[in-house]
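Have a look at this one.
The chains carry the letters A, B and C, assigned in the order they are written, with residues numbered from 1 in each.
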Amino acid sequence: MSQQVKQNILSELEQLPLIDPHTHINPHSAASTTLADIMGYHYYTELAHSAGLPKERIEEEGLAPKDKVGRLVEKLDDLDNTTQLSWLIEIAQEFFGFQDEKITPDNWENLYDTALAKMSEDDWEQQVLKQSKLDQVYLTNEFDDPLAGFDTQLYVPCLRTDDLVFHFTKSATRERLAKATGVEAGNAASLKEAIGKLFKHFTENNARACAISLPPTFSPQKVESTSIDPILKKVTDKSELSGTEANSLSCFIFWTLAEYCAEFKLPFDLMIGVNRRVYEEGVYQGQDLYDSRTSLYLYKELLNAFPTVTFPISVLAPTSNQELVSYSWIFPNVVTNGHWWYSNIPAHIELDCRARLQAVPQSKQIGYYSDMYKLEFALPKFSMYRRVLAKVLANDFVIDRGWSEERAINLGKTVLRGNVERIFGGC
Amino acid sequence: MSQQVKQNILSELEQLPLIDPHTHINPHSAASTTLADIMGYHYYTELAHSAGLPKERIEEEGLAPKDKVGRLVEKLDDLDNTTQLSWLIEIAQEFFGFQDEKITPDNWENLYDTALAKMSEDDWEQQVLKQSKLDQVYLTNEFDDPLAGFDTQLYVPCLRTDDLVFHFTKSATRERLAKATGVEAGNAASLKEAIGKLFKHFTENNARACAISLPPTFSPQKVESTSIDPILKKVTDKSELSGTEANSLSCFIFWTLAEYCAEFKLPFDLMIGVNRRVYEEGVYQGQDLYDSRTSLYLYKELLNAFPTVTFPISVLAPTSNQELVSYSWIFPNVVTNGHWWYSNIPAHIELDCRARLQAVPQSKQIGYYSDMYKLEFALPKFSMYRRVLAKVLANDFVIDRGWSEERAINLGKTVLRGNVERIFGGC
Amino acid sequence: MSQQVKQNILSELEQLPLIDPHTHINPHSAASTTLADIMGYHYYTELAHSAGLPKERIEEEGLAPKDKVGRLVEKLDDLDNTTQLSWLIEIAQEFFGFQDEKITPDNWENLYDTALAKMSEDDWEQQVLKQSKLDQVYLTNEFDDPLAGFDTQLYVPCLRTDDLVFHFTKSATRERLAKATGVEAGNAASLKEAIGKLFKHFTENNARACAISLPPTFSPQKVESTSIDPILKKVTDKSELSGTEANSLSCFIFWTLAEYCAEFKLPFDLMIGVNRRVYEEGVYQGQDLYDSRTSLYLYKELLNAFPTVTFPISVLAPTSNQELVSYSWIFPNVVTNGHWWYSNIPAHIELDCRARLQAVPQSKQIGYYSDMYKLEFALPKFSMYRRVLAKVLANDFVIDRGWSEERAINLGKTVLRGNVERIFGGC
């Protein structure tokens, strides 16, 4: 029975058009142009590298797209079991009519050529959006992005702020900020002014969120402007900051972002837990990991200080989901947000999704985002999530709690789409 | 097959009368008088607040019970998915003949009035006890509770000691202790004497356990009386203690409690992991959360020092269950105790219960307690637990290990009831 | 359907001969001689002790094997639910024709005598190997083991190094090293030389791995020889080392082991997370537990420094599995290794196995090892693992992902056997 109920729920959920509330899509080049754009996704390069393909083979300068794909194909058999590879197969099947169960040295060239022909069609991007039932795609924009030359109703800007908070001591960051805002941020007041201009620019261009990823040790604290001025003086003098000073500066900028989120009524997406460059010789974007010894308790001061700011929170370590459920259950301004990165496989999603659906108000859950770099990935990733969601709705709600299928489907629609509209301000 | 086996096991477990080994029942007012007593449970006020109902709407002074219920009902739809709400619906159905699947602005008044009529019957408390198959209900008594005016065979006292251990520096606590015992606890010796009097009073009144909840950073250590005397001198002089001094005093009092547990042969319930007042603007009892970075390793010295004291341990963070399983597997004096607070949803109970049933001696597991404040909650909470227990017994024991249903049912009865009698000293 | 698919997969996996890549078998006495060898396994003595059997009853000097078994049998009913006891029952059934479902005071003597008769047969060891389908059994050898007098193709040596890294300050350790190598390790250079001789001796005798268990706080760091010389001088002078000095020495020896693993092309098995002697009054081998607050992030420097060394990593706390999955997904030199000790029950194996099979390249997973001390335990332990593996393959791959049974079976064979051969260098 369970399988049939799940299938009924899934069929309904599959009809629902989607808003993808967090991606890394480049709106000027949203869809792929060759299969190398798809197989160059870090999930494949890092797994192939982890399985033994040398970094030099993958990232060789001037490597032609087709050659890159050919090299990666050699390692696909080692990855055959992975969920990540199943996304690739589903893309090949759904978009390019691929019929085999594996991509192999014998069949990949044909697939490559088929994909190339499809991707060369004028309306490929529109085809992908339509087939994937994507109404809107949220972006990740650098703070100095001009946000020009694309439809911000379709590709919705988000202000990404990692560089501001964690790399402000780099002169390149400060130069970008000055150029973007016309303000030289040499003290606390001018830094606040500059950041305010960013918020104005972004919200005038339909931005729906401010976002940042955070290391597991970070704990935001309010820092007074007066204690920041001498630190900024050292920064402009190119003196080295102590660890404490650097952390104070990060806290000050972070807190300023939260203040502007309150003022501009923007949700502040927190993606908590990543350590950058843990594997220093890893491939591009395949170097980051985490330390699961972190806690949302580190955000106590922030969550209390900004009751009017909604914080959609993603956690990297699946062990952190249990805290996320509890903090969302208590704090009105905490919302669960998707299944991020290393948590983004069915084994983790299922447990995390079950706990959320059982204990967090339904209005406070953003079910899923794709985190994709190329448009073709929304389809298999949302498919994966919907299958898990349908399974949990079938088992925990229809079978264990006696709900009607319709009631379960409505719950599914709320977390899959309804909340995205309501929390980020609609389309 | 799985569903049928589960149902057979569940039917048998449902026949078993219960002892509820940890509640917050007031024995002088055990059952509810209006639906506001039930919907005023912090699980509903905090979730409604989390979903957006302002604290002022919930805790307005002088608010009539019916008005309070009416305001909470406005937010129930947002909580419709939660397990916590399913308890409320089950109470409405089982005790008040409620027929709808949701409590809504349209039907709540009728339910309110029906409940009021039932609750006004003279024997309502007895009706609830009988329908819930409750033989005994353990209490949580303040250390200065006179324990008079109720049947301690039915409502079994437990000595709750948080105030002694963590708030002894407050003069109110010391005054309450002096008043309860006739001893001014101005040095280590008199403090020990006073606490001894509490144990005498409680055990003479059928107390079955000493209990305390503990923050995630606490690590009990033996502290010598000689180092406590000067600290107590500062306390009576109303000097501020340093963090180290305050911790030493907490450790000393905690250790003294353990010594008396040994002397009076009382189990010592440890509820590990709560941070108080994390969300300072939260509703009453809806302000506490946790930091999952804790470990039973912090209790190493205690568990070694008191081999004759049984420690029924509850953990708050579900990630701690795995340590609890291992420590109960090794330490003779550690017993697993229920599924506490944020762990008390099927998604967590199922995993925690599976690991315990697979790896901890069956004689060392206290399956469940309700933690309720009002008597009506035992029914839906134990129902929820029994359903999970029956599922685990069906899948892991009957199906996977080939046990007979009878054998699985006996295991279920042991953790659900038999161990409670044996470990706490029977009824 | 799920049950039938699982059964089909299981039947195929059960045909596969095994290599057991980590055990504590004594090759000079691999099989049991009485049931006391089996029931004396720490899993039973510690659980019986935990359930209330006094240590003195278990470890009484001069206790005859049959009497020891008789005493343990008294407590078996308390352990009836445990997975660990199910191994014992399966041994009794599979090797000794035991027909009952429990071992009781009434039937144990008959079982004891039957087992004694079988174990007394000349070829008992060969019978066990054959019935268990064991092709090879990897050992855990002290660093000064002569590795003589047994067939190293069947019983494959592994160099265990806990004493070198964590007990080098004990004179007994240094004397054993001097005796084994002919080198007095009084400074960094001679210590390196001595360790090099161990690697030469072990690899000449078919050793396939270096191995060590590690406390949760350990974080390997490169330490210069020059800073170690004065520390070693203090050691040979029998001066007490500070905590920092002792840690530096441990790091230096550990790092030296990793260097030789690179030179001799040996995998380095890391078993991460154990605290020794947490329960000081526990039975033999039943005193160790853990602190789940640990992270693979502590191994960042090591994993980056030795790209050519394969690190099969086992974690003790099930909460650490999620990091292990992520680190194996990124680092080419990290391989998941079995389900260690407190994680070795189906409730944990199932979740851990699912996450690994979904996210780690199939070529980087060593499914299981028995960790056994006596040969009879491979059969029930591998049976338990295979049942979980078959269940995960059936549900997650055949049913959820539409794989053929054959494809799923091949994945099972890869993690169960193929990778063991490839990663450790084959038979």
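Keep in mind that, in the parts below, a residue touches a chain if its C-beta (ideal position, glycine included) is under 8 Å from a C-beta of that chain, and two chains touch if they have at least 3 such contacts.
Treat the numbers as computed from the prediction; the structure is a model and nothing was measured.
Asker: Fit subunit B to subunit C on CA atoms, both being copies of the same sequence, and give the resulting rotation angle in degrees, nearest 5.
Answerer: 120
Asker: Are the interface residues of subunit A and subunit B largely the same numbers on each copy, more than half shared, or largely different?
Answerer: different
Asker: Taking the mean of the CA coordinates per chain, how far is subunit A from subunit B in Å?
Answerer: 39
Asker: For subunit A, jot down the residues that touch at least 2 other chains.
Answerer: Those would be 293, 319, 351.
Asker: Which of the residues in subunit C end up touching subunit A in this complex?
Answerer: Those residues of subunit C that touch subunit A are 1, 293-297, 300, 303-304, 307, 319-320, 322-323, 325-332, 351, 354-355, 357-364, 396-397, 399-401, 403, 407, 411.
Asker: Using the touch definition from the top, list the residues of subunit B that touch subunit A in their complex.
Answerer: 3, 46-47, 49-52, 78-84, 86, 101, 275, 278-282, 286-287, 289-293, 317-319, 342, 345-348, 351, 387
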